[in-house]
Amino acid sequence: MRADGRRPDELRPLDIVPDFLELPHGCALFSQGKTRVLCAASIEEGVPRWMSGQGTGWVTAEYSLLPASTGDRTAREVRAGRQQGRTVEIQRLIGRALRIIVDFDALGERTLWLDCDVLQADGGTRCAAISGAYVAARRALDRFGLSRVLRDSIAAVSVGVLEDRPLLDLDYSEDSRADVDLNVVMTGDDRLVEVQATAERVPFSRERLDELLELAVGGIAQIRGLQLEAAEAPRA
Amino acid sequence: MRADGRRPDELRPLDIVPDFLELPHGCALFSQGKTRVLCAASIEEGVPRWMSGQGTGWVTAEYSLLPASTGDRTAREVRAGRQQGRTVEIQRLIGRALRIIVDFDALGERTLWLDCDVLQADGGTRCAAISGAYVAARRALDRFGLSRVLRDSIAAVSVGVLEDRPLLDLDYSEDSRADVDLNVVMTGDDRLVEVQATAERVPFSRERLDELLELAVGGIAQIRGLQLEAAEAPRA
Amino acid sequence: MRADGRRPDELRPLDIVPDFLELPHGCALFSQGKTRVLCAASIEEGVPRWMSGQGTGWVTAEYSLLPASTGDRTAREVRAGRQQGRTVEIQRLIGRALRIIVDFDALGERTLWLDCDVLQADGGTRCAAISGAYVAARRALDRFGLSRVLRDSIAAVSVGVLEDRPLLDLDYSEDSRADVDLNVVMTGDDRLVEVQATAERVPFSRERLDELLELAVGGIAQIRGLQLEAAEAPRA
Amino acid sequence: MRADGRRPDELRPLDIVPDFLELPHGCALFSQGKTRVLCAASIEEGVPRWMSGQGTGWVTAEYSLLPASTGDRTAREVRAGRQQGRTVEIQRLIGRALRIIVDFDALGERTLWLDCDVLQADGGTRCAAISGAYVAARRALDRFGLSRVLRDSIAAVSVGVLEDRPLLDLDYSEDSRADVDLNVVMTGDDRLVEVQATAERVPFSRERLDELLELAVGGIAQIRGLQLEAAEAPRA
Amino acid sequence: MRADGRRPDELRPLDIVPDFLELPHGCALFSQGKTRVLCAASIEEGVPRWMSGQGTGWVTAEYSLLPASTGDRTAREVRAGRQQGRTVEIQRLIGRALRIIVDFDALGERTLWLDCDVLQADGGTRCAAISGAYVAARRALDRFGLSRVLRDSIAAVSVGVLEDRPLLDLDYSEDSRADVDLNVVMTGDDRLVEVQATAERVPFSRERLDELLELAVGGIAQIRGLQLEAAEAPRA
Amino acid sequence: MRADGRRPDELRPLDIVPDFLELPHGCALFSQGKTRVLCAASIEEGVPRWMSGQGTGWVTAEYSLLPASTGDRTAREVRAGRQQGRTVEIQRLIGRALRIIVDFDALGERTLWLDCDVLQADGGTRCAAISGAYVAARRALDRFGLSRVLRDSIAAVSVGVLEDRPLLDLDYSEDSRADVDLNVVMTGDDRLVEVQATAERVPFSRERLDELLELAVGGIAQIRGLQLEAAEAPRA
């Protein structure tokens, strides 16, 4: 049993509020346990200069932690004038994940912005951002009659090894003590998009990697169900 | 009658959710019409170096718009590596407003951070940020047994002149067409802390300034009631 | 009586040297007591990209303290790579003030730059910058045959409350101990453009605000006389 | 057969020149085909402030492309004032990889810097940087009598899927057309440290991931042999 | 004859106003023709961290063009967040020049700041800045009883080749067409401190260099006379 | 005799490897004693916007020290977000030196980039960079059929005064103790392009300057021979 009473292969409670705000083109407040990420999708006419004139679109993601999201305060990145390495790495991951399901010809010369702002951070924020960004993107694209842009769904989950046991969906207290950390991103047809396994303290075997992937596949299946429900909820 | 059916001296609907998040030391989601500001207060041991060793504390505020908060997307400031002039001006205003009610000796050598992140922007965000920051500060200080730090309450409201009529609490569509814009900050004992009147299009007379101040005083009295209710709500 | 022997409603000695330099398009060295601001106006063909093609002009102001202007040296802002919040706030104020008297159609697709560099800082620099910028703008516009661009004159003065007494035109030693600080900008036809009242230490009443405005109106009338004389002096 | 005549499971020619330069504490010029990375290790007394006083060391890596390394010139990052996302991601990977084999107590309060400057870039630079940094670190640590700091060796290789075929050690022309890209980092005892699989164009199956890992394990075994030879070469 | 009627070996009219401002520790307004540089010297307790505790001082110079100093406006460097290469080069030259005459032990653990702000730029600003900084430094050091810090005087002048003729003290219209540009800095005992000769368009011979140095020596002798007069003028 | 056994007028051993790398357009590894500079030349279509449409080209140089090049590590400039003053000064010198021999009309609307990355720094890096950049430029221009762009050759050497003796080609241990430092750049027809003499500790006489120039002329003649040999070596 884990500190919060979960089984090793059990997700934290999920809650997805589509259209949490009215003004963004598309939006979802994605909560996984205490982790809460506000995902917004904006559709802008035009693409970056280096790709204009080709009739195809672009997808870009930005990720940020609100200063108080971590309990004890984290400094705002604009103060240092640049994003931290961790932020850069995460938003590149989110962007790559979403791009794999986008039909850029169907998008046309538009940019789809995915803003993932972490209101509360308790582990697994990058995966929650990916899962939530999918819902936000659906809400925005459907609203503008661009539903065909997304060719599949996409979701992500983190798994890890703590005290030699593989665990699904680590919260912060687990994650900060984990020996191995694995983030997995999968499409709706159960194929892999990203596998990011990192030995935080101890190198790991091929067998351990397999066990972790197994856990992740199960978790993603559950997340996918709730995502689709939120993505397809009637507009208020 | 105004576009949304309000009388000239009528506020937009107010809603204040204290403790909207669990991890920040203190927190309030402050909504005034569609304008929604997430205010968080964090208490950090220590003060900036230039004032350490004097036994007194410090208060500092930061303000930011989430990119999608404005409907059509606004670029994230970290991308340019610096905050815009408007942001700097607003967060200096929030900081000055809160400092006037703080007993720095009672705070001791601690820094009270006030983070005001605008989730949705529909006019009046700087005033909403001040009013919400007060509630967040109360929640954080009470939690750490520092209730005596705040000597009074503080609230703010914007008023303006549109088509020659003074109006209370302008929303974005009104604000963008206003001839004069006035932001007023007042303490709980009805004294003035900031009066910031700006001719956006047309210079104004002393009489017009008086009418606007009158409207603001009425609006602030109503906001103050809801603030106190939220600040004193029992902790969940 | 004040430390320098002035009455409460008395300005410091004013001196305005138009065309202090030959190369700038327009220029004035504006001295108010020891405060000395070099104001220069430059007229550039073209406007920022976001407003080009509309046939109308733009006005923008920049403000800076020379490092030694404050006696003990203040670091040059370029060293930190960004302007301080106070600087940003001041130059936004100068720009707004001047824009209110400009006929942008008469200016045409040109940018009027107002550079206010403080050679010596002894309080009231932002108001001196506004009053001096008006003279510099006049000199530059007249020289280029654009006299009709300015529809009125503009001047500013600071007032404050020290030891419970309202005082006109605070010098640095007064300003640093003031309880309330008010900057007022008015047009030549005695209407208000900016009213920026701030409680530095003690909130203030509506009556106190009225007293301060009264003092400011008197001071501005005197400044206006000297401004017009300098603006209209024959070109050497 | 591949464009350069290699079999699918064949590495490009490897060449490692330890002590290519005299002044760096430790150094290796690592060539894998046309990819050439100059890896230097520097040992500095002291650690970052946040970890000082604990008697343990720190390892940090930096990665950079020389402008002409890519044939057509790539702009120097200092011109933009910040590292690109790709650079940040790569140097974080190199640092994590090396840290997993370091005994921080044995290092003591010292910082081990690993500078990986790409002289010529023809694909696989991040893996070459890791493999070369190990040799440079060995040369520097041995020179300072700190041989016991490294508990194992470490090496990396990239594999990918091109036209539905898994290939070992992609060069740039292959990498730029690959559907899937996998970077693998392994210790000398054949355990995994990093598995970074990314669908560049097409999501992939669990089976495909297994095939790719198999190829990588074979490649790393060969690199390891040359690394050890270079690391243990007598000092000139 | 030159465009302004000067002989080839004739300086522009010189004017030095010591103590042009009251608040800086030391100050001189140095005018050479239309070129006008406001030089201020500030003495700060303490030295940069890397040299503290050795009982010796430090000298550092900063140079800046006011935006309107060049007639048509030059952008303020803080807008780009960094100084231009030309500025960096010039302020390094000024600092080196002044340091050569400073007795750092006599200065003690203090920093002597030399701020050279060009109010009007008509060629030769770097040399005028050096010559003026000497006067400002003298005024500041004498005021603080540190007269023995300067072991000699220092002055600078520019010479150049225009249409195959060596000319002393080029103004902007001459400088912008010159084939060779030479800046010379000399001490009061007629020794060289800096010789910076640059072929702007045409390489030059050893003989030409000698002719140019000859002209410079003559010009510096004249500047030195006025410098000493200004440096030793009684304090108002 | 000098510490390394050289005569006062003796260069360190020179070695120039043209085409050290295959991918850059042109390239030379230039070694002078332990100082090793990798010079690369890249030819890019187009020129900076401010000079486009005139049919002439542009030359620009960049200089950087690799962090470990100095033995004890030097921080990477991108970390501070800007180049140091010394770097800026050096790359401006390299650019000016090369431009004097370029026929910009023959170059056409192209930019010639000269990247000088110091792999190992043991004194005289700026001169080595100029001498090496010439070889790299030749290799690149010849390859693209643009041989007529260079009208002459160019080379540089440093000389200095140590313990009252003029010495040719100072290494770092000499340079760091020198009283005077002189960098000379000359064309192939023995004319001067740059003379940069600096009193590091002691001002110097005209006679001393002449002695130093004499030494430099002799050194440059030797460097020129090896440069031409490397520049004209057959392409592998």
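Chains here go by letter, A, B, C, D, E and F, matching the order in which they are written, and residues are numbered from 1 within each.
One rule holds in what follows: a contact is a pair of C-beta atoms (placed from the backbone, for glycine too) under 8 Å apart; a residue touches a chain by one contact, two chains touch by 3 or more.
Since the model is a prediction, treat every value here as computed from it, not as a measurement.
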item	value
Chains touching both subunit A and subunit F, listed by label	D
Third chains touching both subunit E and subunit A	none
Computed distance of Cα centres, subunit F from subunit C, in Å	51
Euclidean distance of C-alpha centroids - subunit B vs subunit F, Å	59
Set of subunit E residues in contact with two or more other chains	81-82
Category of the chain touch graph - line, ring, star, complete, other	ring
Starting from subunit E, with subunit F taken as the next chain, the full ring order	E, F, D, A, B, C
Subunit D residues within the subunit F interface of the complex	21-25, 27, 34, 36, 38, 40-42, 44, 62, 64, 66-73, 76-78, 81-83, 113, 115, 117, 119-122
Contacting residues of subunit B [partner subunit C, same complex]	82, 85-86, 88-89, 91-92, 96, 100, 186-187, 189, 191-199, 201, 203-206, 209, 213
